[in-house]
Amino acid sequence: MTAVLAAVCIAILVIMALALTRAMKAPTVYDRILGVNMFGTKTVLFIAVVGYLMGRPEFLDIAIVYALINFIGMVAVLRYFEYTAPID
Amino acid sequence: MAVLIDLVLLSMLAITALRVIFLKDLFAVVMLFGIYSLLSALIFVNLDAVDVAFTEAAVGAGISTVLMLSTLALTGRTEKENKRSSVLPLLVVIATGAALIYGTLDMPPFGAADNPIHQHVAPRYIEESPKEVGLPNLVTSVLASYRGFDTFGETVVVFSAMVGVLSLLGAARRRENSDDAAVIVAGFKGHKVLRVVAKLIIPLIILFALYVQFHGDFGPGGGFQAGVIAAAAFILYALVFSLSHAMQVVSPKFLQLLASLGVLLYASVGIYSMLKGGHFLDYNKLAADPLVGQHFGILIIELGVGIAVFAVMLSIFYAFAHQVERSTIK
Amino acid sequence: MSYVLDYYNYWVVVFLMMAGFYTVISANNLVKKIVGLNIFQTSVFMLYITMGKVSDGTAPILAEGVTQYSNPLPHVLILTAIVVGVATTAVGLSLIVRIKRAYGTVEENEFENKDDAI
Amino acid sequence: MLVLDIVSSILLMTGIFFGFSGAVGLFRFPDFFTRVHAASITDSIAVILIIAGLLLQTSFDLNTAKLMFILMFLMITSPTASHALAKSARHGGLLTLGESKQQQKQQKEQMQQQEAGQ
């Protein structure tokens, strides 16, 4: 079972790397926000899986905080982007 | 396995930091900085620093990003071209970097159990703290009980940061005529779905903040993290509905009162333990049995820290958001 | 190979420190300087936490059947440092807002000689 | 016990497959609105499957409650975030691939008319 969890961990790391490159190399700002959002949700899953892999499942509190902060950061970016919204 | 995760995360972090240097669009810089602090919080989780990851995620990726975004809304989004040549800074950076890397060569290897850092002070606290303080979370017991006076100083530092920001930006006053036409930028009026969902999850976030506040003794959490998460809930409310709505719910005057109440609560625990014959912030005297006294003491000061940090973070956000709204209206 | 594994953490910390340092020096915009400062700061936190890690230890929360814990003391130090770091960032950002209101710009090369004009 | 392990590893693997397809879709799709579509849908399905896989690993205790809370929270917030992003992009004037092609065609026709006009 731990082998499966380890494989899942590595796979999520690869997905996070892809989302990160999307966030870094984005044509428009909205693509960048999309990359950041996808990276955030994948981080939540990563912590949950690592918590179970290491046998310390009280990491789940941190996963909840990640989900929270990811959503609030997303709303803040959209809100303040509409203030200064020249489309580049 | 943990080493592999550590290596991959560190290299992702390095690439993000590199990318931040060469970006001109400040919006992208702040978003990548959000990812940077989220990634560093992940590395803290991997290095077994659970409380630190909690704080870094909530504070670093949450509050700092929101404050920087509101500053960008005031100061403009793109950085102008830098005419000065970048050779000199590069040389300075390379020189100091080489000296530092040379310095790390004779540091003890990473993760070895017999490193000098683990021999001197740590064993005493790992063995003694269950007997003297009785909390499973060693970090909270050291933070709140052994080093209570420093945490008191830290709470006062956070309070003085609020005083600094309010004196610089002017305290946000709740405009009585807040429903007049001047309030043009009234939140996401168009986003109906966002407003309904925000109404649904803000109580959940506050409930989670209370859980974190009182769960600090047994797992990751504590006063600082709880205060920041509660402030993040109200920041979400202010972002989705307009600032004046949020100010009607929690007025700035009430926040300043709450901040000073939190710091006062912390200090009164210290004074009370002095009245009972102990030193300042000596919780053993708070109850008949010292262990119960420790529990009371830590619970109350964590509550004081939580209230103070919540009020400080929210009033700092109010000051910034008030500036943003004032600048867009005129 | 194991030599690199022992010191990889410290080298990445030094690299991040230098990245933040370079951003602070060469950035023209004040907000970007603050971001560089935060990058520098987070790398210092990582240095302390990597020193406190024990390879087969777990998080310093007492649980039965666990003998080896990572060192909790750097965690307490860094917890305080993060909160104070945010407090200073907030004050720094409010100073930038005031600079923008006073000089109309936050680009360093533009308002350097504005004072002698007043 | 073996059945539980097999079922949860199947769930985890399919969750990873969907997550991976979302990440690849993020690069392969031509314009922004299809990318939002790819990312947000595979995000939700990957969250459901992976957390369901983890739920089978836990005996019924506090961790199950936390996992259910994460699942419910993500099910509420991640589609909303993608919706808000797409709406804000649309409101900000971003064109879909079809519309941008049409716009280029119109501009070409106007230029031809101006040349024909001179």
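Just so it is clear, A, B, C and D label the chains in written order, and each chain counts residues from 1 on its own.
We adopt the following convention: contacts are C-beta pairs under 8 Å (C-beta built on N, C-alpha and C of every residue); 3 or more make two chains touch, one makes a residue touch a chain.
This structure is a prediction, so every number in the text was calculated from the model and none was measured.
C-beta contact counts were set side by side for B-D and A-B; A-B has more.
With centres defined as mean CA coordinates, subunit D is found 30 Å away from subunit B.
With each centre defined as the average position of its C-alpha atoms, the distance from subunit A to subunit B rounds to 19 Å. Centre-to-centre, using mean CA coordinates, subunit A is 12 Å away from subunit D. Touching two or more other chains at once are residues 58-59, 61 of subunit C. Residue positions 69, 73, 77, 80, 84, 88, 91 of subunit D are each in touch with at least two other chains. Multi-chain contact residues of subunit A (touching two or more other chains) are listed as 33, 54, 58, 61, 64, 68, 70-71, 75, 78, 81. Chain pairs that touch one another, listed by label: A-B, A-C, A-D, B-C, B-D. Note for the complex: subunit A touches subunit C at residues 54, 56, 58. Taken in their complex, subunit D has these residues touching subunit B: 69, 73, 76-77, 80, 83-84, 87-88, 91. Those residues of subunit A that touch subunit B in the complex are listed here as 6, 9-10, 13, 16-17, 20, 23-24, 26, 29, 32-33, 36, 39-40, 43, 46-47, 50, 53-54, 58-59, 61-62, 64-66, 68-73, 75-81, 83-84, 86, 88. Those residues of subunit D lying in contact with subunit A across their complex are 5, 8-9, 12-13, 15-16, 19-20, 22-24, 26-27, 32, 35-36, 39, 43, 46-47, 50-51, 54, 57-58, 63, 66-67, 69-70, 73-74, 77-78, 80-82, 84-85, 88-89, 91-94.
Of all residues in subunit C, those touching subunit B in their complex are 5-12, 14-23, 25-32, 34-36, 38-39, 42, 45-46, 49-63, 68-76, 78-80, 82-84, 86-91, 93-98, 100, 106-107, 109-110.
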